[in-house]
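Next come the structures, one after another.
One chain, chain A, links the two complexes that follow: it is found with chain B in the first and with chain C in the second.
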Partner chain A sequence: MKYALLFCSPVGDEEQSPAEHAADPRFAAYFEEVRAGRVTGGARLRPAADATTVRVRGDEVLLSDGPFAETKEYIAGLAFIDVADLDEAIAVAARHPCAFDGGSVEVRPVWE
Partner chain B sequence: MNATDKVEAAVAAAFREEWGQVVATLIRVTGDWDLAEECAQDAFAQALDRWRRDGVPRRPGAWLTTTARNRALDVLRRQAVGAAKLREAAVLARDEGPYDPEYDGDDSGVQDDRLRLIFTCCHPALPIEARVALTLRTLAGLTTPEIARAFLVPEATMAQRLVRAKRKIRNAGIPYRVPPAHLLPERTTGVLGVLYLLFNEGYAASSGADLVRTDLCAEAIRLARLLARLMPDEPEALGLLALLLLHDARRHTRVDDAGDLVTLEDQDRAAWDRAEIDEGAALLETTLRRGRPGPYQIQAAIAACHTTAATADDTDWADIAALYGELTRFVPSAVVRLNRAVAVGMSEGPDAGLALVGELEQEGDLADYHLLPATRADLLRRSGRTSEAAAAYERALELVENDAERRFLEKRLAECRSA
Partner chain C sequence: MKYMLLVCGDDAADATGMAPVEPWVEELGDRGVRLHGHRLALPSEAVTVRVREGEVLRTDGPFAETKEYVAGFDVLECDSLEEAVEAAARHPVATIGAMEVRPFWPMGEGEDPETAMRDLDAELTEAFREADLDRVLACYAPDADVFHLVDGHERQGLDAHRKALHDLFTAGPVVREVLDLGVHVDESIGFAHALVRLTGTRLTRTLRVTTGYRDFGLRWLITHEHAVSVKEAR
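Our next item is the complex of A and B:
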């Protein structure tokens, strides 16, 4: 089954650079032990402060600064995985560093 | 009993014994929960006619499963041509046994369909109310209106809850299987938790007026019995069954005819269900002998201390205090420590108990819990400090929500004031 993992981080946490990520042993473990054969795509996203939200109302394209909703968490990245079932998806999510330290990972089945 | 009655009795008995098995197998074969329920119902309906004509089969469960399965295959065959072909192939393949990518040759996962069903119904990705409802519907065979009545919600709400749960199982890819060894301990704890919650729903209902709710206790015991049989290597499954039996033995003496709470001390011990106590105590002994204690076994041991004491004064409170101490190793909660404080107060004297209550008050986790001041009040009352006890009862009354408990605390408060 295909799932999207949405990596949610608390707003206000300091952004780690890609180099800092690479040096974090939990990320290293996730990349080495968990991703292979399961992750089919994904991306890390720039912070919510860099977001632009688009709405079309009538003929007008409305833009606003920041993410679409005020929340305590923002989506810091996402991955697509292809695994046997929800239990395996949960196991992958539970190894992602984002699931620790106040963050969370939302597991959403892909509509196929 | 005439022949018709005999067949009806046989079908009713088969329903209680075999419903879960038939549904569980059909889910495995078809992968479709609604179809499985429909075909199971259909098989039981057919049984009434066919068993009247041909006699009750030697193995009713096998007859019902085969009949339901044939019906399911018919339905699948009649569905849209292209899709049906694929589906049918899948059905036949799946019937050979499910493909389990994580199967590692470890046979800790007993391959009984009912066990698959119960682990799937109790999957932690489902909301807790849905786990309970789904277990009652698919495994125990209660109807949706029955479950709705038992949980005091409108039938439409319960129907919706079941529909959503089944949809999530399908769409989110919740696997239909006994979890592999590395997930088994935590998932087993989850299943035991659902059964205990189910029992407590019925236990809390307590008043004789609401029989449907108290029937939940019987259903929980039936399911715990099944689980203990299906997981013979899991001491906690047996521990839970023992605990439920020992609680259930005292259930009807917990409230008097006016609906007021009767404390353990004042319950009519002669009215306790002796057979349940004996069975619970024997099961507990069997499971404790394996030397793998857990929270349900310890709670059952505590319940056994109470139920096997001939009088309230014979209760071995030192033993109970030690067991609560042991329980805090598994369940490090403030509520367990409060229970331990009661037991210590009863065995070593009120002051020893009050010291432990004082610690909990300092920590503040139970600040809004009425039983914290109620426990202080009771210990003060027992040591004769009635005016201090009255103040603590007043505090407990500010926090209590349940009417029966409120009346009990008010009665105690009045006693302390007039002492």
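Our next item is the complex of A and C:
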């Protein structure tokens, strides 16, 4: 089954770059032991401050800086996984450092 | 540059007048702006996972209760943020919900998947030059599916490949030349086609090689390789 994982980090924490993540042994463990064969795609996203939110109301295009909602955690990245069931998806999510660095991982089925 | 479009729906909004999304998907796909995307199940089907002091805490629902919620994603390839914003503004959901446009944060300069695949091919060439069997095989996933049809002889599997390389390397130095290499990549999977010339002490052989790659997290590896010998093109 296909799931999306939304990796959410607390707003205001210092953000590690992808290169810093690559050097972090906990990420290395996730990459080596969890990711291979399960993750089919995904992305690390620039910090929420780099987001632009677009709304169209009537004929007007409204732009605002920042993410679509002010939340305590924001989406730092996401991954698409193909696993047997929800339990395996949760097990994958629980191995991602985002889940234990004060953040969370949202697991959501892909609409099929 | 790659941009992530977070498509945010709003349950409270009236979606009856909203245009269908398919024409947007089709047009941007045809122009090569939209690479791929997914629609997600409703947030009520989400499970949020937190690990605190070694304990896995599971809650039903999305990571945050918000008026608008992430309903899907689209990955865009655009020259600029303006182009991405323009594409977002034309998405029908923008009229009732919101589109969050966020640039990808790549690993670093020159570390895109295409470069990783080309580097892996260069590593193969170097490993041939050194006649280093283990170095060649380190470019392959352990369960790689390798099929070679060379001079009428079929070889299948990594073990057969290892044996053939061993024979090749012990017969003397081999020069691996890549005459033409085309690489295509999408997310965690890539493929390449190449014309490879092997020049040894006793023979020259040109192979048409099709290679499949997979992203193993910190590195890309060959998962499929299909090679046939062809008559030397002149």
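As a working rule, the second predicted complex is superposed on the first by the 112 of 112 C-alpha atoms of A that agree within 3 Å, B and C clash if a C-alpha of one lies under 4 Å from a C-alpha of the other, contacts with A are read in each partner's own complex, and residues count from 1 in each chain.
By our rule, a contact is a pair of C-beta atoms (placed from the backbone, for glycine too) under 8 Å apart; a residue touches a chain by one contact, two chains touch by 3 or more.
From a predicted model like this one, the values you see are computed outputs, not experimental measurements.
Asker: Using the superposition on chain A, tell me whether chain B and chain C clash or fit.
Answerer: fit
Asker: Tell me the contact category for A:Arg35 with respect to chain B and chain C: first, second, both or neither.
Answerer: The answer is second: A:Arg35 touches chain C but not chain B.
Asker: State whether A:Pro109 touches chain B only (first), chain C only (second), both chains, or neither.
Answerer: both
Asker: Looking at A:Glu73 after the superposition, I want to know if it touches chain B, chain C, both of them or none. Which is it: first, second, both, neither?
Answerer: A:Glu73 contacts chain C only, not chain B.
Asker: Draw lines from the C-alpha centre of chain A to the C-alpha centres of chain B and chain C: what angle do they form, to the nearest 10°?
Answerer: Superposed on A, the angle at chain A reads 120 degrees.
Asker: Counting touched residues of chain A, say whether chain B or chain C comes out ahead.
Answerer: When the residues of chain A touched by each partner are counted, C comes out ahead.
Asker: Looking at the overlay, what does A:Ala43 touch: chain B (first), chain C (second), both, or neither?
Answerer: A:Ala43: touches chain C, not chain B.
Asker: Touching A:Asp85, do we find chain B (first), chain C (second), both, or neither?
Answerer: The answer is first: A:Asp85 touches chain B but not chain C.
Asker: Could you say whether A:Phe100 touches chain B, chain C, both of them, or neither, answering first, second, both or neither?
Answerer: After superposing on A, A:Phe100 lies in contact with chain C but is clear of chain B.
Asker: Check the residue A:Met1 against both partner chains and state whether it touches chain B (first), chain C (second), both, or neither.
Answerer: first
Asker: Quote the smallest CA-to-CA distance from chain B to chain C in the superposed model, rounded to whole Å.
Answerer: The answer for the closest chain B-chain C C-alpha pair is 6 Å.
Asker: In the superposed view, which residues of chain A touch chain B and also chain C?
Answerer: Correct list for chain A: 86, 89-90, 107, 109.
Asker: What does chain A use to touch chain B in their complex?
Answerer: Listed in rising order, the residues of chain A that touch chain B are 1, 3, 84-90, 107, 109.
Asker: Tell me, which parts of chain C touch chain A in their complex?
Answerer: Interface residues on the chain C side: 2, 4, 6, 8, 36, 38-41, 43, 45-52, 56, 58, 62-64, 66-68, 70, 72-73, 75, 81, 85, 88-89, 94-95, 97-108, 187-189, 214-218.
Asker: Using the touch definition up top, name the residues of chain A that touch chain C in the complex.
Answerer: That would be residues 2, 4, 6, 8, 17-19, 22, 28, 30-32, 35-36, 39-48, 50-57, 61, 63, 67-69, 71-73, 75, 77-78, 80, 86, 89-90, 93-94, 99-100, 103-111 of chain A.
Asker: Within the complex, which stretch of chain B touches chain A?
Answerer: Interface residues on chain B, with respect to chain A: 101-102, 123, 125, 171-175, 179, 183.
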